[in-house]
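I've put the structures underneath this note.
Okay, so chain A shows up in both of these, paired with chain B first and chain C after.
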Partner chain A sequence: MLVLLRMSLNITTDSGTLVEAWSVATYERLLSDPYIWRITRDSLTLSAIAASAAILLSYPMALFLFRSQSRWRGLLAVVAVAPLLVSGTARVIGWLVILGDNGLVNAGLKALGFASIPLINNWAGVRIGLTESVMPYAILALLAGFGRLDPRLEEAASTLGAAPLRAFCFVTLPLTAGAIGAAWLLAFVLSISAFITPHLMGGGRVFVLATEIYDAATQTLDWPAAAALSVYALLLLLAFGVAKLALDRRSAA
Partner chain B sequence: MAIEGHLVLDGLRRSFGGAPVVDGVSLSVARGSLVALLGPSGCGKTTTLRMVAGLERPDAGRVLVGGADVTALPAHRRRMGVVFQSYALFPHMTAAANIAFGLRMRGVPRAERASRVTAALAMVGLPKHADAKPRTLSGGQQQRVALARALAIEPDVLLLDEPLSALDAKLRDELRGEMRAIQRRVGATSVFVTHDQAEALAMADLVAVMAHGRIAQLGPPEAVFERPATAFVAGFVGRSTRFAGRWEDGGIRVGPNLMRTAAARGDGAAEIFVRPHRIALLRAEESADNALDGKVEAIDYAGEVAHVTVATDIGPALVELGTRDGAWRDLRPGAPVRLGWSAADTLWFPA
Partner chain C sequence: MRLTPIFAALGYAFLLAPLAIVVLMSFSDDPYLNFPPHGFSLRWYAALAVNVSMRDAASTSVILAASVTGLSLLVGVPAALALSRGAAPPVVAGALSAPLLLPTLIVGLGLLLVLQPLGLVATWPGLALGHLVVVLPFVVRLMGTAFAALPPETREAAATLGAPPWRGFLLVTLPMVLPGLIASATLAFLVSFDETVISLFLVGPRLVTLPIALFRYTESRTDPLVAALAVVLIVVSAALVLVVDRVAGFTRTVARS
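Right, the complex of A and B next:
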């Protein structure tokens, strides 16, 4: 951390050499660069989309897992969080196979007579990959929230005349709102810091904060910039992390 | 069985994982009366109630309300009010919103909802608590809100699952009377589940004592208490002095004693039950159908009565003495006493 901070205070000259200094010039340079702001906006939007999509897909799964009495329940739970056991790179490679131009999805489309859709090396692929990678976390976070839900409440609602859908809307959903918020924030924070998925599934065409930091550190060798961006990203994450803590405290009350 | 009565349970059966939990329960409840399902845990009383509410589907049997078969209807289509053991109040809604929920689901317009909620709160004695959230209410208050919520929809049938078990003894006593009064005033046909036999005897018009998924005895509280149909009912309802013996000519032999019962003869091994308040301490010149000598072992003072345990050579005897005349005060542990009771009060069952 300290090394990072120290490095961020150095300067890179126009010709690309590192100059030891104690200045905030690097920060000034970056913050006045519209490209950096665009990257930030893209990162936040991507993370928001991934988090929202993850919640939409995870909520029904988590609810099913929570309510299920079947003996497959344990197995399904393992299947739902199994992706966590696999390294990010391996997962991405799996996605490339499925979403690639000659992969599963496109082969199926071609067989049905449709044109293939480019789903890798672009934003679409990154969105899909990122959503899937945060879903296990979202499911776990939602399940934790559901654990506090009293099953008798939905029963009470039904004895008062609420059909299952209305019982869900009026009782279950409002009571799990806190869990949804916490899970969304978790997925969001994980998405912002994600690197492998945008890097590999974006095929060099998708630029987010994480890839920018990587590029600055290894490609352009602009270490002060890389360090400064890292500090910047860290502060962003901190802000959202604090928001999550506040929400956790409120939903636990 | 005759299909009469406002609420009828006809041969309900339910098994969980192969084991029968409710094994042929049939019951007819007259309109406006309160029936208690009484029994130990695991006897199937809560499962039976849940089947009546529509929260469980019976494997066999029917539930009829006012002659109509509601067995196939899901819970939200039956017009029944349910009070859960844990109250199940919606934590994110105020007391008023909780009570209004059922009315909202039935499409009652807002103005009418508001007036009915106010009336319901007044009926349960909480007129000023409309805007309180459940977590700010005491156990007794939550219970009342739960009751108001179930009654606000003016249900055909009111079902209560151990409604008082989560409360402390004093509150339970108070609410018992209140609930009964409200139930009578509203005239709702009611079934409530309890493991507390004192509660069942105090509140119900009819008591169904259950064991192993079946009704062991169905009758008014006094009949169940004074004339239990089986040894299980005799043992479960109220306290008893018990002896094990064998039939001989004229009575049941228990050790050196021959006990007379209301029956003239019988056969084989028998279990005798005598209610504690039917046993008296005999003075020297008195006699009784059945008499027993013993020594006082313990005296438990309970305010209105004193529970005296007397050790005899055929086993302990439980005697209940009223405290009004102060006779109990003369007893000391170790004091010799003579117990006596009538043949009519000697209940017996084949062992």
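Right, the complex of A and C next:
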């Protein structure tokens, strides 16, 4: 990490050679570049969308696993986090088949007489892929947060005559708000640092902070820029990490 | 709430769709990844078996994962033991778990910047060192839990009965943490075998791991070969977890920590 910080203070000359220095020139160059602000905004928006979608999809799963008395519960819980053991690339390939121009979704649309819609090599594909890739973490975080949910409170609500939907909105949802917040932040932070999905699903047309760091390090070989971008991304993540800690502490109290 | 199971099923469908599709497509008979496949065959598995670069990458991955597993146990077990007995300052524990919290992309870049001046990029030692950084936290954590669960009396009893510390460790402590040891080794192997992002920075033209071969292939082409390869990776991971689970209760051991 220190090497990273040191490298970010070096500068590259216009001819692309690396010069040892103690300079903030690389930071100045990056921060004055509107492009960096745009990809920061794009990264944060993408991560917020993916995290929200992941929570929406994961919440019923976690609630189901939490309440279930079935003997399949253990198996279902393992299945929910099993994708973690599978390489991210393999899952991206699955999405490429589902969303590709000749993929499952577009073949279905064509069969129904609709025009096909491009779903890969663009933001839509990255959003879908990223949502799926952070879901197992969201489920784990939600389940951990549900530990303090007392099922008797929901029973009490229904005994008092509340319809299930009403009981959910006024009892279950507020009680699990802390868990939702913590899981959302976890999914959000993981989305910001995700690289494989934006790189492969974006097909070189989607630019986020992570792909930018990778390109600077391996394609343009601008190591000071890659290091400075990493420090910048770490600071962003740190800010959200502090927010998560604060939230954890509040929901634990 | 009868709606919960329905929405939960939707979530499961979304989560597992890509995996199901990959398995289905790996049996496709078509030259491209299109859906639905026009026929089914094992031709892509056959193509995979004779693909020299994939076979090289596979052997690299297996050897690398095995060496990283051995090294991580060699380093991680004493570290976990020292930490669990309070013989090491908490700073060490923090340093050992830091790579878990940092984005792997940034860890990879840091490793590249450190290893490049040493001439270790695209070499076996460099790659093994990089993997060790991400694997160690898992080993230390699992073994820490295993050591913490041991009653200290067992060690004292061994000492009282006249066993020197190393003998007590080998004959008493080690057999008692065997499930944890097996689980650590499995997890270390799996993490190293599946590691993609850090390897991306550290591989070279003549040293490529299987996930990197898969990644690069996906970047350039899309034919069912990648699906077949992905299935092979999935099956290796799943088989390893299942076998070890039977032998040592892997899921229980991992879930406890």
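Basically, the second predicted complex is superposed on the first by the 253 of 253 C-alpha atoms of A that agree within 3 Å, B and C clash if a C-alpha of one lies under 4 Å from a C-alpha of the other, contacts with A are read in each partner's own complex, and residues count from 1 in each chain.
Following the convention adopted for this analysis, contacts are C-beta pairs under 8 Å (C-beta built on N, C-alpha and C of every residue); 3 or more make two chains touch, one makes a residue touch a chain.
This is a predicted model, so every value here is computed, not measured.
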Message: After the superposition on A, what does A:R91 contact: first (chain B), second (chain C), both or neither?
response: second
- prompt: What is the contact status of A:L175 with respect to chain B (first) and chain C (second): first, second, both, or neither?
  reply: first
Touching partner for A:A156 - first (chain B), second (chain C), both, neither: first
- request: Check whether A:R166 is in contact with chain B, with chain C, with both or with neither, and answer first, second, both or neither.
  value: first
- prompt: What is the contact status of A:P60 with respect to chain B (first) and chain C (second): first, second, both, or neither?
  reply: second
Query: Looking at chain A, does chain C or chain B touch more of its residues?
result: C
Query: Touching chain B and also chain C: which chain A residues?
result: 164, 167
- request: Over in the complex, which chain C residues touch chain A? Could you list them?
  value: 1-8, 10-12, 14-22, 25, 32-36, 101-106, 109-110, 112-114, 190, 194, 196-197, 200-201, 211, 214-215, 218-219, 222, 226-227, 230-231, 233-234, 237-238, 241, 251
In the complex with chain B, residue positions of chain A that touch it: 150, 152-153, 155-164, 166-167, 170-171, 174-175
- prompt: Considering the complex alone, what residue numbers of chain B touch chain A?
  reply: 53-55, 74-78, 80-82, 84, 86, 88-92, 101-102, 105-106, 149-150, 153
- prompt: Along chain A, where are the residues that touch chain C in the complex?
  reply: 1, 3-4, 7, 57-58, 60-61, 63-65, 67, 76, 78-80, 83, 85-98, 100, 102-104, 107, 131-132, 135-136, 164-165, 167-168, 192-193, 195-196, 200, 210, 213-214, 217-218, 223, 226-227, 230, 233-234, 237, 241
